[in-house]
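Here come two complexes built around subunit A, the first alongside subunit B, the second alongside subunit C.
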Partner chain A sequence: MNKRRTVATASMVMAGVLVTAGCGAGGPSAGGGDFTDDKVVLALLNDASGVYKDVSGPNSKIAIQMAIDDYQEKYGDEAVVDDIEVTSADHQNEPDIANTKAQELYDREGADVILDVPTSSAALAVATQAKNKKKLYMNVGAATTELTGAQCNKYTFHYAYDTWMLANGTGTVVTEDGGKNWQLIYPDYAFGQDMVKSFTGAIEAGGGKVAGTIATPFPNDNFATYITKAGAAKPQVIGTMHAGGDLINLVKQYNESGLKDQGIDLAVGLMFISDIHSLGVEAFEGTIFTDAWYWNLDEKSREWADRFMEETGDRPTYAHAGNYSAALQYLEAVQAAGTDDADKVVEELEGKKVEDMFLRNGEIRAEDHRVIHDVYLARVKGPADVKEDWDYEEIIKTIPAEEAFRPASESGCSM
Partner chain B sequence: MTSIATAGASVSEQHAAIAGARPWQRLVLLGIGLVVALGLPWFVYPPVAMDIAAWALFAVALDLLLGYCGLLSFGHAAFWGGSAYATGLIAIHLGVPFPVAVLGGALFAMVLAVPIGYLSVKRSGIYFAMVTLAFAQMLFFIANQASSLTGGENGLQGVPRSFFGIEAVETDSFFFYYAALPIILLGMWAAWRIVHSPFGRVLVAIRDNAPRARALGYDVERYKLIVFVLSAGLSGLAGGVFAVSHGFVALPELHWATSGEVVLMTVLGGIGTLWGGVIGAGLIVMLADYLASSGFDGIGIVTGTVFVTVVLLFRRGIWGTARHMWLSRRSS
Partner chain C sequence: MNAVLQYTVQGLAAGSFYALAALGLAVIFGVLGVVNFAHGAFYMLGAVAAAVLLDTVGMSLWLALIVVPLLMLVFGMLVERLLVRWLLPLDPLYNLLLTFGLTLLLVDLVKRRYGVSGLPYERPSALDGRVQLAGVGLPVYQLFVIGVALLVCLGVWLLMTRTRVGMIVRAATERPELAGALGINVGRWVTPVFGFGVALAGLAGVLAAPFRAITAEMGSDFIIILFAVVVIGGLGSIVGAVVGGFLVGLVEAFGQAYAPTFAQVLIFVLMAVVVLARPAGLFGREEATA
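Let's look at the complex of A and B:
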């Protein structure tokens, strides 16, 4: 009996101690001065373990650190803030985890801005948190136009790419260059359906027509029947809206189908250089796609890509470069505002014309917070033309910033 | 089915636990539980604390079915997610205080559970698990296709936390936790009440020997259906709170992986114990949260290892093993 009472008392005391100990850590953190906690914290929230790891993942943290280094080198003693940190979290492509982590980054880790966030549902969830917490959020990794459309808000900015830009680039340009007759193959879920809608609009605007659309299950391995069906209609171009592993399978099977020899081209909706790297240029040779940025674009991008390669051993995708640019432009805005106060930083960013290693003729549109810039139509080189590792793309056309993205008037965004 | 029955507490053990435990022991346990529940947002980040509470109720709801009736549902995401969507839609379109929306969601889950349960309880064992899984997958694809209503792939965004205009609750997760906790505790109490009622005894009898229960004159299928619907309702309460806490609902709530996760939590904590689900939920949610910021990319490996270890070494689960040791020490 005695023993039992001791156990019970001990548990009660333990519980009591824990509660009292916790009290100190509980309350909301107090802010003050021009900089909260006397520092600026940039937070990277993306997929560090799953399917999008190679596209952005942990290497984006290195890209952000490079932006911090460049900022500090540029301003030296003039910098308004000395202490700049970068922190990261893995959202595992789960919107729930992204949502909780975003709150935690803002509240607990004192994040002043959250960067990246691939996967549309996760990206939109974080946008809501940014709005509620009144803190900045610069999305790089997600494709949905909703971020700058119906669900836009004052604190959310969208970098790099979206479905409209991809469709417009590939759809319009290929059509205008003679590929008038299209067949579209798409995975039957939101991204695929959106892309088909955007592509159809772009192709028709370019004077072409979509003779047929073919839905495939998602995810899927065997595309042979769909490719044969599309080829039987004798189109000039087959457009595929698949991504990642599905895309790789589809491209392999397209190559085996012999359609290429019949002069039927393949255009890809969304592709990253890491996809080409994983499968090899042979498989993708001749494929046309829209790229937000390419590491071997010119001296400036190449120089940055060399630095990135020294740090990581890989060439950067446009998501890496986009994260660098977003971090750098954020810090520039902080420098101009002299504070990390979100409202003042937003004021600095809105309508700003920017030019950096990633953004060419860039502008941070005030109306919908879409960051516009020149984008590129690329063709995958053949093995014979590849002069070095990662030298996979030939830029066949530059699409000027004003034409590359959805016009602000059509966005449906009201802030 | 026998494997599940043996993994759970045996009837005699349960009797010992129910009859043998002195009231003051139970009160102390309950007291500690309450202190932890009330103190949780002081130690862990409040939204994570809310996740733990919601998952805990979800695991308890599953345990009601798995531990006390021997039915392994592999489609409980349908009720968690179905209620999450219903709660979200009610909160968005009607603007009612969130507890009302959550109750509406739970009600929806129960209504949903009637036809699903009616068809599922005709089977048992692996067939029951497969039938429930099939229904949950159907709901998943319906939610995916009905994007004008559910937002499809993008999810249902902007679920408000209306609470009689009290701003602290509506904006601060810390206070929201305390506003939502009573709903969770109500659900837990309901589960406890069900288990400790004559109805609960009949369930255990059905679990251990269904033909015998039928011979005694109990309508086995009707009992199974009732507990299935009750379990769905409690899952719905949990899912609704989860949806309001996060401010949005996305497709993963309906995904089969969610069903798998709650089974994992329940088995980890110990089936047929109620408390086990709470412990399993706390452990898994904390682990996932910790690993997400640890920079370690093998999250699945860690949770998988924990699961395998528990299944191999403590077949009764964490709480089940602890209770078993306590009881056997006392009886010796």
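Let's look at the complex of A and C:
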């Protein structure tokens, strides 16, 4: 009967294996050709299979290809480079894998620019590689302000959004609308802590106060008691800093808790349209959040979203649109510089005012490489107001570019 | 006091999922000696099946509570017949690896087909709202989950103790060689028992659908807690699985309430303490050392 004991021990060991399985190393990737100056290689590095796959993932490769097509159509024979490639790699949201993949992309696959890179810790690892290799890096998918703060560098640019912008939008506006007393629930890792700091600043600046914060494990599927606890303090607003599957768990259990009927609102720190699509508008109805871009914003964005939908079958998130814009602006800069030499391209990008499908009143700030643009405060529609698939958001306010992002003077960035 | 009542209900509701799934795990381990690592994936499949059936044929939760476990029963029997059976004569580690591999496969297949963002699910409106008890509004759905779990656990207990089938299964669990020597055809019960265990995981998944995010990964963390549950309750012990399940649910809820940072650690501290004091778990049978 020792068999039983062996199995018990083995199962405990395997449970340990399971816990760490998510941290496994990435397999070897196919080796690329040698770097040639005859071509430009755009490399997409993001989460191709995990929690952030639907937010950006493989569909961003299609978005980047659309940017290449548009560039080639625009310049035709005038284009300084004919051969433009897009390659991609999966970083599984792990900083060490991101680090290795970034080296491979720059060195072996001859990448001239790395795009996207969600997950803050992975994003910062790639920034270090960009700095060391003196190659371009345009981050779209990560939220940390460190990229344009203490850890900024000459070759790193940050697109789309960050924690300061999210907190400034949602935190300030909800507070000014009367939600003065907040409880914050956040996942206990870098992103969550960063968001709490940013939100607390924004809420206090708006004349409100954060009465309490509750840290939760990450990832986690049972939030019922955390929500009850936050509700027991009788706040006006509960702010959640969770994302992806955790956010869906939390929203389902908030709806279950009955706090909504007691007039305790839920504000969401970070949300993508793919989250609403997954859970349905009923669950999120009335939720206010900050959006970097919305596919149905106007004619220009809608036209692009239609093209994207033809290719992928889905409407784009702002990460998809951001990757398109980053790739396009990179190619424009290469065109202007007449080379893919990183230093010359950076020179072209710095301080440039940009207007495209994604960037409205955009500017690539020279001081900290934060790409600023108009952002939007959105409210999730009720089921009755939804006129077509993905018609989920009502834009209630446009926050002008200069106010939407952390001022360069406060960034703490020196290049 | 009100808060304590709320935490208790929340803990029992979470514990219901653990108890149901752990029960399936215990039955399978008891009869087959297989540590089914795919149990978390079966739980996930139950929730995904409920969501897909609601979306495609409009099947309500009520019907899904019966249909999905039946589907999972068939699926489980197929898995046993086609895969698990071949490895039974070998070292138990082979089936551990098989079911672990099966988990990776199922999770990736669901991801490929249904994406990573999760599926929507709406429960019947009869289960919306709250009932007032001692001045506290308790969600109807949580009470419903607890009720279903208790009923099923009671049913399984009666099945095990009051019927001939149960007697055979118990005999096979406790002393497989002896049961065989007494002329009981243990092998005949292996396939249905495996299917039954999988069906219980599927049932837990259906109950979780309105309450949890339905994603391919939803079973990954669940299985880890589940192993803590069966180690606490005693591997292969049916009563232990149920008591362990509810106990872990309560520890989780009160941990979240009074020591949020340590909520998950507490479960494993409990596990360590139980294993130190009673290596076979709370309800496990101490084995004569060989």
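Note that in this section the second predicted complex is superposed on the first by the 379 of 415 C-alpha atoms of A that agree within 3 Å, B and C clash if a C-alpha of one lies under 4 Å from a C-alpha of the other, contacts with A are read in each partner's own complex, and residues count from 1 in each chain.
The rule we apply is simple: a residue touches a chain if its C-beta (ideal position, glycine included) is under 8 Å from a C-beta of that chain, and two chains touch if they have at least 3 such contacts.
Because the structure is a prediction, the values reported are computed rather than measured.
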- [ ] Could you look at A:Ala125 and tell me whether it touches subunit B, subunit C, both or neither (first, second, both, neither)?
- [x] first
TODO: Kindly classify A:Lys229 by the partners it touches after superposition: subunit B alone (first), subunit C alone (second), both, or neither?
DONE: second
- [ ] Return first, second, both or neither, reflecting whether A:Thr216 touches subunit B, subunit C, both chains, or no partner chain.
- [x] second
Open item on the list: Touch test for A:Ser49: subunit B only (first), subunit C only (second), both, or neither?
Closed with: both
- [ ] Examine A:Pro383 and indicate which partner it touches, taking first as subunit B and second as subunit C; both and neither are also allowed.
- [x] neither
TODO: State whether A:Gly338 touches subunit B only (first), subunit C only (second), both chains, or neither.
DONE: neither
TODO: Considering only touches as defined above, state whether A:Ile97 meets subunit B (first), subunit C (second), both or neither.
DONE: first
Task: Contacts of A:Gly286 with subunit B and subunit C, given as first, second, both or neither - done: neither
Task: Those residues of subunit A which subunit B touches in one complex and subunit C touches in the other - done: 8, 11-12, 15, 18-19, 22, 49, 53
Task: For the subunit A and subunit B complex, residues of the former touching the latter - done: 8, 11-12, 15-16, 18-19, 22-23, 25-26, 28, 48-49, 53, 58, 88-92, 94-97, 99-101, 103-104, 107-108, 120-121, 124-125, 128-129, 132, 144, 146, 151, 189-191
- [ ] Report the residues of subunit B in contact with subunit A in the complex, numbered from low to high.
- [x] 25, 28, 31-32, 35-36, 39, 41-43, 45, 47-48, 51, 144, 147, 152-155, 157-158, 171-174, 246-248, 250-253, 288-289, 291-293, 295, 297-299
Task: Residue numbers on subunit A that touch subunit C, as the complex places them - done: 1-8, 10-12, 14-15, 17-19, 22, 49-54, 188, 214-217, 219-222, 224-226, 228-229, 232, 244-246, 248-249, 252-253, 256-258, 274-275, 277-280, 282-283
Task: In the complex with subunit A, residue positions of subunit C that touch it - done: 3, 6-7, 10-11, 13-14, 29, 33, 35, 37, 92-93, 96, 100, 108, 111, 115-120, 122, 129-130, 137, 139, 141-142, 210-213, 215, 217-218, 220-224, 227-228, 231, 235-236, 252-254, 256-257, 260-261, 263-264, 287-288, 290
